[in-house]
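In what follows, structures are represented as structure tokens.
Look at the two complexes coming up: chain A is in both, with chain B in one and chain C in the other.
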Partner chain A sequence: MDNVHKQVLEVKNLSANFYTSRGLIRAADNINFNVGQSECLAIIGESGAGKSVTALSLLRLVPHPGRIEEGEINLEGRDLLQLNPKEMRRVRGEDLALVFQDSLSTFNPVRTIGSHICETITAHRKLSSAEARDMARCKLAEMGLPAERSFRSFPFQLSGGMRQRAALAMAMSLHPRVLIADEATTSLDVTLQAQILHYLKKHLQECCMSLLFITHDLAAAAAVADRVAVMYAGRIVESGPVREVFRQPLHPYTSALLRSHPSFCPGRLEPINGSPPDLADLSPGCAFSPRCLKGREICRNKVPSLQELWPEQQAACHFHQARKNDLREAAVT
Partner chain B sequence: MTGRLLRDHLSLTGLVIIILIFAVTMAAPVLAPHDPLPVELSERLRSADDQYPLGTDPLGRCLYSRLLYGGRITLQYSLSVLAIILLIGIPTGLLAGYLGGMVDGLLMRVADVVLAFPNLILALVVTGFLGPGLINVMIALAVVSWVQYARVVRGMVLSLKQKEFVLAARSAGTGPLGIIWHHLVPNVLPPVVVMATLNLGGLVLSIATLSFLGLGAQPPVPEWGAMINEARNYMVSTPMLMLLPGTAIALTVLGFNLLGDGLRDVLDPQGFTRPRQQSAGSSKPSPRLFSRRGSQ
Partner chain C sequence: MTFLRGERLAKSYIISRGWWQKEEIQAVHDVSLDLDLDIEAGKNVGLVGESGSGKSTLVRLLSRLERPSRGCLHYRGKEISTLPEKQLTSFRRQVQIIFQDAAASLNPRHPAEKILAEPLRNYFPAFSRKERRDKIDQVLQQVGLSPEDRKRYPHEFSGGQQRRLAIARAVIVNPFLVICDEATSGLDVSLQGQLLNLFLDLGEKFGVHYLLVSHDLPAVRYLCQRVVVMYAGRIVEDLPANRLDASLHPYTRALLKSEPRLEGSFSPQFLPGEPPDSSAYPAGCPFHPRCPERIEICAREQPFLKEISARHRAACHLAGKQ
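Presenting the complex of A and B:
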């Protein structure tokens, strides 16, 4: 992919921990990624991999007992972790917007869709309520919804797809710089999903918006993303341009994930043995090592760091890093 | 919603009773044939006739007129007490629930202290302390009853603020006041309306009780409870003097309770305001479970 993207969102060494009765849970551990202008970064991984916590940390809304431990979240040069609560509120919705998976619970059941959108608009813009209402109707129409009817509807009166589009209309109402879609298309049927992905892609170019697309649906990620980051047990284990990562995955977890998905594996599907690790009780080494076919001694004792193995493609795996060192030594001699 | 309420015979009855009592008492100056206050000893204890539709009391005042004016006072003061209670209880509950921590602990310990005493006894003590009079009764009742509202509202806020729509609103940049006003208040109100309606009956009764004990309305002010008190000596000879205000109180309370029950079925199917089920082994499925299932 081209390198001309101006970086809009840069996340450095972001860690969010949960202090529970069972001990410390590192739900997001040393997360690094960038999202460029008009670019889409997909974060993929199983449930419990820390994707949603990462999304919420960006907005500084990690629920209790969680806390952002350290790191830097640079949004167009401003470190969000240094802002005071009032400035942070202005960032939410205006610069960084979030769409949730379950649109039924995103909306307050006793209020109309329209009042939600107006609330978001008037929280940031000094508009009269009539102007806000017009703007909200306009946004709903933009998403292909019958503006007047959906504006006056209560959440339960709309179908799941309409509701999700309304949620998207709300998130997009202020033209955020970065949209975080946390499993936003997961609950939709394929045609609707395709429509929404198409709309988002179109919007990225037209409005210079960036998209952080969080999903466990590999096919959707492949369809919409420019780059992809694979998360496992709270860490990013591989990242790179979507085509390279899906064609030639470096991390054993990524390749195992792809081999278990019909869109990427034409033959017989292979399940990943075992189950995702308990985050409160991680092994001292690579979190994937108990399930990894290539696991070695070092994998169980030392956490691999994310290293660039191919141009623009990084992976956190001792196996590949050892091989790369071998190659380098071979080249030197 | 209104349709469901009107289709239920009991709540419709309640609504009709309440509307009738309100209409009649508010129209007292028009409907009452006499002034309820001046004493006319020559006319004392007359039985019903054209001039006095329900007869007169021991001081020769028209019983019918006194009933109408008495209802006005009872209802006015009940509604005022309710307004004060709501104005204290709802914000307290919202604050305690939303802020949590120290504020919550402090407010709820105060609430615990108030709840530790039986309502009427505490109201008696407060009125005794402040001295008799309707205004003092009002204050006393407000002091003892805001607590239930604060408790219920706090409980609901605690569960509401965990909801995803609150997180979604925060992620869209809504501030704490916006969250409280746009997302907590609308969800809290329906059960509170139900509680308030049910509570009104109780308040009417409490005001009448305290007046009966001589702490509330002072003679010659007509008030239903005070009228019963004044009629005690004539209980055997002229039972109507006691029965009529008693019936009026009973009807009003019945009306509010029926209406409140109906409102609860419509507004609060999840049963926030429903009294807890006592017997665990009851063979009847609890209505709460039923409505839960039906509502989801």
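Presenting the complex of A and C:
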């Protein structure tokens, strides 16, 4: 049993704030998670939940006017927030790589796919250009692409799915320890999505890579992840092994999300009413309380903290104990 | 009477590759489709397929935003594919479209009120100002907005509200069929759920039928009673949604298998290869290069869509043979 993964990435108390004219926005607020070797952690949540800011924080690429306020990002024992810019540049691409949703804007439209990948390789490794080209072709072939043709293609000449795989090939060209896929399969066809998920899973096993899979697509997260963290309004509200979280969600937000999705909800959907809160104007209590069916007085005044309820499963809700009892009764009957 | 019937519809586009070369792209091939929306089994129809499979072109033909290159389109028994725009008024009112990008389909310089009044002015010119106003208020409420939103401009609405406004504009003229082109794709889960329920409610309240064009199978299954699968510009299977698990075409089965799910350990099964280039379809069955079950005949002969059982059609040489 290698259930106990060696921890590769540990994030502790990470907070990133944006200083805007409308006030302080806590886009990522006290985020804690870790990702083990060959493990996939999915971060799910609606748009504006702070998923992408969390991803960018890991690479220290939070755009102005945002700033990482505090916390620790330990990548194999090294705190990334203590590195100087030059060292950080080496980390990006080599240890931590990022794939975006929009593969068309990932690439420079006037350069070939091959030249992008070669650039990444030669920037980090002392290789001759011939060696770099061979390596790039090899990476493209690993992603199931016709190596020679895609190497010479310009981004617009490839279909969306091929381009996304080329972006993956580029991100994985240096065998990063952790790959961050920010909505990398969103807006792709199901068949292409299955393709990408297949290659991602394959590389997790073969290259001992870890994956941080950021998505709002619950079904994709369920399919690829080992563990899942649910974000709402900049905070993690629930985290745990993927099966447990999807089968018996502890946080009302998670269960409401599942009831909004036709794959997980038999019968009529019960979507969450309203829309995600404005991060500049959060209520003092639990951010979900205005939309929560169980919202009580305490929810509006006090922020619940993340507590471990089952082994490895945590939730931030004032009523988790009641929920746990409900689940236990349901299990008995 | 069949509401809308396409007979051997085909559409090709000429595109230029360089300044001397012209190429013909066949977006839709010989598609015959009956939309008998009256019967319970085909109240809402889902049109699924990969991008580039011709779904959107077919929708543009069915809604007569474009004239077909070949074939005819019958609306309540009347051939309309070549009718001039002036004689299409009733058809235009009965068939409404909601596009994927709701924000782009709303005029940014018009307040909600004006956006909703325009279709009313076009199709119900007899309405008085008061009647129009009442109707707008009523529809705004029905889609989950409030009458106070009348004066607001599209940019003042959130993404979800913009979608609702686009839906309001479609249903305000009491259409029979609303075509939703990827109307719920790429949205947040809760918003998508809200919209799907809104579609269902409006369907019940006003007798609106839907043609849901989507690559999101769970949404199609939720809303539709009938599913039409397209591949390479052709319909490859047409079956009741509750029989999806008994689908006969290998492509439909591949689509279902690539759907991620929680049960069991998801072994991502996917189709090898890419959808074919629409300027050069392979000979024989267009799916045969990617098909796991191909036999020798598939590379030679094009299979035609044939009736397998009641309301189930498939275009595969193997269908119905086992």
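Some observations on this one:
Here is the rule we use: the second predicted complex is superposed on the first by the 317 of 333 C-alpha atoms of A that agree within 3 Å, B and C clash if a C-alpha of one lies under 4 Å from a C-alpha of the other, contacts with A are read in each partner's own complex, and residues count from 1 in each chain.
As a working rule, contacts are C-beta pairs under 8 Å (C-beta built on N, C-alpha and C of every residue); 3 or more make two chains touch, one makes a residue touch a chain.
Just so it is clear, the structure is predicted and the values come from calculations on it, not from any experiment.
Superposition of the two structures on chain A leaves chain B and chain C fitting side by side, clash-free. Contacts of A:Ala147 after superposition on the shared chain: neither chain B nor chain C is touched. By the document's definition of touching, of the two partners only chain B reaches A:Ser105; chain C does not. Of note, the Cα-centre angle with chain A at its vertex and chain B and chain C at its ends comes out at 80 degrees, rounded to the nearest 10. Of the two partner chains, chain C is the only one touched by A:Ile272; chain B is not.
Judged by the number of chain A residues each one touches, C leads among chain B and chain C.
Applying the stated contact rule after C-alpha superposition, one finds that A:Ser47 touches chain C and leaves chain B untouched.
With both structures placed on the common chain, the touch criterion links A:Ala222 to chain C but leaves chain B unconnected. By the touch criterion defined above, A:Ala194 lies against chain C but remains apart from chain B after alignment on the C-alpha atoms of chain A. In the superposed model, A:Leu61 lies in contact with chain B only, and not with chain C.
In the superposition on chain A, contact is made by A:Phe246 with chain C only, not with chain B. Between chain B and chain C, the smallest C-alpha to C-alpha distance in the superposed model amounts to 7 Å.
Interface residues of chain C, counted against chain A in their complex, comprise 50-52, 158, 160, 185-186, 188-194, 196-197, 200, 215-219, 221-222, 254-255, 257-262, 266, 268-272, 274-275. Partner chain B is touched in their complex by these residues of chain A: 59, 61, 63, 89-94, 97-98, 100, 102, 105-111, 115-116, 119-120, 123-124, 167, 170-171.
The part of chain B that touches chain A in the complex is made up of residues 163-165, 167-175, 178, 182-183, 186-187, 190. Chain A makes touch with chain C in their complex at residues 46-47, 144, 159-162, 186-187, 189-195, 197-198, 201, 216-220, 222-224, 242-243, 246, 256-257, 259-264, 268-273, 275-276.
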